[in-house]
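Got some structures for you, see below.
Both complexes shown next keep chain A, but they swap its partner, so chain B is in the first and chain C is in the second.
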Partner chain A sequence: MNIVLRLAWRNLWRQPRRTWLTTGAMVFSNVLLVFMISIQFGMYGLMIDNTLQIFTGHMQVQAKGFKDDQKMRQTVPDVIPLASRLREEFQTETIAARGMAFGLASSEKRSFGIGIYGVEPQFEPRVSSIPGLISDGRYLLDDDAAEIVIGSVLARNLRTSKGNELTLLGSGKDGSFAAAVVTIIGIFESGVPDIDRNIAHIPLRLFQDVFYMDGSGHQVVVMTSSLGDAERLHPDISAALPVDEDLVVHDWDALQPGLKQAIQADMSSAFFMYGILVILVAFSVLNTQLMSVLERTHEFGIVMSLGLKPGRLGRLVMLETAMMGAMGMILGAVLGAIFTYWFTVNGLSIPGMEEMAAMFNLPARIYPQVTVLSTITGPSVVFLFTLLAAVYPALRLHRLHPVEAMRVN
Partner chain B sequence: MTAVRCVDLCKTYRQGDQDIKALDHVSVEIEEGGFVCLSAPSGGGKTTLLNAIGGLDIPDSGEVWVAEQRIDQMSKGELADLRLANIGFVFQAYNLIPVLTAQENVEFVMQVQGVPATQRREQSLAILEEVGLQGLEDRRPAEMSGGQQQRVAVARAIVSRPALVLADEPTANLDSKTADELMALFTELNRHHNTTFILATHDQRVMRYAKRLIRMLDGRIVDDIEQDAA
Partner chain C sequence: MRMLPVLTRLAWRYLWRNHRRTIIMLSAISIGAWAMMFMTALSRGMVDQMILDGISVLPGHVQVHNPQYLDDPSVSNRILLGENELADRFASLGFKAWASRVKVPAVISSEYESRGVTLLGIDPMAEREFSFVSYDEVEGRFLESAEDTGIVIGRKLADKLDTELGKRVVLMSQDPENEIADRGFRVVGLFTANMPAFEETFVFISRKAAQKMLRIGDATIEVVFLGDDYRDVEPTYERVVAAVDGTLKVSRWHEIDTYLGTMLKVMDGFVLVWVVVIFLALSFGLVNTLVMAVFERVREIGLMLALGMKPASILGQIIIESMLLLAVGLAIGDALTYATVQPLQDGIDVSVVAEGMNMWGAPSVLYPKLYLYDVVLANVVVLILGFLASLSPAWRASRYEPVEAITKVG
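Our next item is the complex of A and B:
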């Protein structure tokens, strides 16, 4: 090993207790950072997946302008053949057509305004988790049967149940009066009150008939295996759309801006806390290295008199810090990953957080997501700040004069 | 050729309310291959002169020339380069790096000079043998006696064959036998490699080896005599 490296390494162990205490602080903060960041990634992944699976999908093909101003007449023409063609072209079943309208749902006793979605019964289960959340009855089977599936809260509000009829009233695409009588064949329970209160599914062909859609719809929903896949597929889907229609593809973050904002806000507050933790560790390193430099003033005087420049001495101090930081980084990242992995397998439940978790569409038990990024991000930042903390002690060496330094005992 | 030239050097230290003249208009010229002893009682200015010649301390006024270069106006970095390439130091208090072994202490300067590892190893082992420390290469300073540490310090100073060796009380912690061996080594280096030695000492044994004896008192040169070395 190079003598300078040996010197730096041995210098670290002159005061082993101090070195271990400082390294221990780094390891502790790194384990904490790996754990917290992994929990965050896990939560964000769950939030995104759960939200997108329920309803939105990873992407949607829509008429231009429909996202911001959902008018009935802003349609995707021939929506069923388009969805079919995309499924064929991209060799996937996870693409489905939808139509949507706002209307009044009336039972014998009550009426409520709801969102009525026309769906392809065969393909909707591939893009949405609602068909799998039926708690009573079954999901839609026929393409044009006069059947409806509603949420549990809506059923309770309408004081109705499976097997009863509902009357739907609304406006058609052409502005005319639209009405239908449908039978409740299933009730779903997603756990998200807003969805369970406001959404109903009917077969898309029935929807097109009732609302005079003339073969059109409002969305082609695309579900992919991951967010990364969605990003890669986006340009291909855009390219596959008919050129003469004014259609656009929207990503999940455009469709669910609130979700992205919630994640960003959560990240900002979390990173502020992480920043405080990292700064505390940096000050601990600064203290250690400053003491280490001060108590070696005499020795630095010697090596300067032998011909070592202050810059090289500074680099020696930086090297010592880098070694200590690397120990903290590696130990922290490895221990953090092992510790967090246990929770990745077994899950983490925080008592009393169930309600809050439900608000964000999260399960009561959280599974941290240990990835390379979640494992190295925190420790790398700590390492960087550790090095920054050593800059001041290293710079102090430039002010040192050999004779004066050698006089210090 | 002149190895060291000091012209009208002055250096004053402030100690409490008093100004102490460590160097008071000192001028001296030392030829290459010289073997000079600076002798003075404590506080006489010999260490200050040695430090000024080694570029460790900057005089208040006057000029210092080493290897035909004026060094009193050099930057810290230039002085460090000069010391690294031309000057070997032996300090009274050994001043070894405590976490390095004897051999590593000797190799350290060569490493900074950029000497390849194999050559460093060969030279350091050879010089440690020369100063009688064969078998103690892996010991750290704390595991050696004062005399052994001083010999490591000497080995470190001369291992890269500097043109000038400055030694401050090099035999202060040595028994007379070791001191004689050390002085014999200095004399041999002086004769065979033409290394210039400037030694600050008040040890009569050391003075016997010098070709030139400069006596100082209160920061001034009071006597400068050539003599037959032992």
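Our next item is the complex of A and C:
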């Protein structure tokens, strides 16, 4: 072992308690950081996936302006042929056409205003999680049958159930009165009250008849295997659209601006907290290293008068800090990963958080994912700041005068 | 106890013997304390605003419904008491404000578009205290009486419906027999709201017009009451309960809006966790400092013991040292907090992430709220935990064997 390394290591253990306490501060912060970052990014991923799977998909083709105004007449013409052409061109099944309208749904006893989606029964299950959430009955099968699938809360509010009829009232694309009688064949339950209360699916061809859509719809939903794929595919899909129509492709973050911003808002408050933790650790290290330099003034004086350059002493102090920092980093990352992994297996639920979780389409029990990135990020930043904190004590050595230093004590 | 002034003075001087160490520790404590309280103030401000907004939209502090209504929000489950009977019961009880309203889900249609909304049939005079709409800022006019025949809708909704002031819209809902109840209204006012979602969700007509449209005579759907403080609704709740008989259901706001209720509780928990976490991060440095402070004066402590100072006094002195350090650090932290929160009283604009904040139900301008309770909590928690953390080094110091300590080479 190199002599400088050995010296630094021994210096650390002259005051074992101090070294452990300082390392302890690092380990504490690191465990916390690994845990919180794992939860945080796991949650963001879930929020995005769940939200996109329920409504929006990764991309949508829409008429220009539909995203903001959602007006009936901002349509995608010949939406079913367009969707099938895109499926062929991109060799994928995860593209589906939709129409969307608001209307009054009446059962025998009750009436409520809801969002009515016209969907392609064979392809909707590939782009949305709702068809998989049927808790009673079945999902739509037939392209133009007079059938409807509604959410469980809506079914309760309407005081109706599978097999009963619903009357839909609304206005068509041209503003004329639209009405239909449909049979409830399935009830879905997503666990998110807003969705279970407000959304109904009917076959797209029926939708086009009822709302006088004339073959048009409002969206072509595209699902890809990942967010990154979606980004790559975006220009190709744009290019594949008919040129003479006023159509645009929107990414998920344009379709759900709230989602991205909620994540940003949450991240900034989280980073504030992490920053404070890191700064407190840095102070702790600064204190320790300054003390360890000051109490060695006498001996530093001696070695300097023997010809050791202050720069080398400074490097020694930095090396000591780096060793301590590395201990904190490794112990913190390992303990943090173990701690987090325990929750990966057992899940984490905070009592009373269910309602908040549901707001963001999250399950009540969260399973944080330990990844290399989430394990390394926090501890490395702490390590970096630890080194920064030692710069001042190390630089002080340059001001040391050998003779005066030797007189101390 | 006699020793206290002397010990305090000793402790104070010891602190400044190694002023660098003390200053570093003080900075750490001040920053920690500041972070505790500043973060708390921001979160409190956010939740307060959410709740105030939330209460102003709907619940008031206490609500009265037909017992079936909450499960089955339909016009069939209405309050059968007429206006006069309600006034007889509640007017004389001295609530800060109260109002009865019709509230049903409905579909609104212009000549081009339809949307689902919540229809509120109100008496504009009685609702002034509850409403999130400031009447004077309405474009056009707000409803003028409980008999007004116009409709006031949100700006955003008007855009989506392609309608404007002076145009007609049709409201559709159901009457108690589940016949479609519909009626045309002229748009007389457009309101704006803090929360964009409200502009799309709520439409206002007069209570009379709503009763006529829904064919419910002079019955209403809900009665709302405002007390003095949303955190303590019990007095209002009890007065209302006493005034209604068992045929009506009385609820507190956090029973109606469970999301906000949970938010408030979660916030209280969060504040405590945050304070403790920061303290723990600080505690390593604190204990370290004390251990060093004891270590470097082992000989002095030995000498004092040999001269007859009681071990208890040594213990006391170290603890006082720690408390002084914390107290000064906290004082600076408190001052810092005040100095940073005060200039932000006019609100922090976070509208870059407005839609995200709205997803939480939070507004796009944050007003930090520094509560005395939170300041006291942070300070007291730090002092108590600090006291506990310094026990061990102090105890060790007081247990030194005088002779060994004096002869120790340091």
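Following the convention adopted for this analysis, the second predicted complex is superposed on the first by the 391 of 409 C-alpha atoms of A that agree within 3 Å, B and C clash if a C-alpha of one lies under 4 Å from a C-alpha of the other, contacts with A are read in each partner's own complex, and residues count from 1 in each chain.
We take it that a residue touches a chain if its C-beta (ideal position, glycine included) is under 8 Å from a C-beta of that chain, and two chains touch if they have at least 3 such contacts.
Being a predicted model, the structure only gives us computed values, none of them experimental.
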First, second, both or neither for A:R138, with chain B first and chain C second: neither
Partner chain(s) touched by A:M291 [first = chain B, second = chain C, both, neither]: second
First (chain B), second (chain C), both or neither touched by A:M406: first
A:E299 touches, of chain B and chain C: first, second, both or neither? first
Touched partner set for A:K71, first chain B, second chain C, both or neither: second
Superposition-derived comparison: chain B or chain C, residues of chain A touched: C
Chain B versus chain C as contact partner of A:R232, first or second or both or neither: neither
Overlapping contact positions on chain A, where the chain C interface meets the chain B interface: none
Chain A contact footprint on chain C (complex, rising order): 18, 20-21, 24-25, 27-28, 31-32, 35, 39, 42, 72-74, 76, 105-107, 109, 111-117, 159-160, 162, 172-174, 178, 180, 258-259, 262-263, 265-266, 274, 277-278, 280-282, 284-285, 287-289, 291-292, 295-296, 350, 352-361
Partner chain A, residues of chain B touching it in the complex: 51, 54, 56-57, 76-77, 80-85, 87, 89, 91, 95-100, 104, 107-109, 111-113, 156
Chain A residues touching chain C - in the complex, by the definition given at the top: 15, 17-18, 21-22, 24-25, 28-29, 32, 69-73, 101-104, 106-115, 156-157, 159, 169-171, 175, 198, 257-266, 268-269, 272-273, 276-277, 279-281, 283-284, 286-288, 290-291, 294-295, 350, 352-353, 355-356, 359-360
Contact set on chain A toward chain B in their complex: 2-4, 6-7, 10-11, 14, 299, 302-312, 398, 401-403, 406
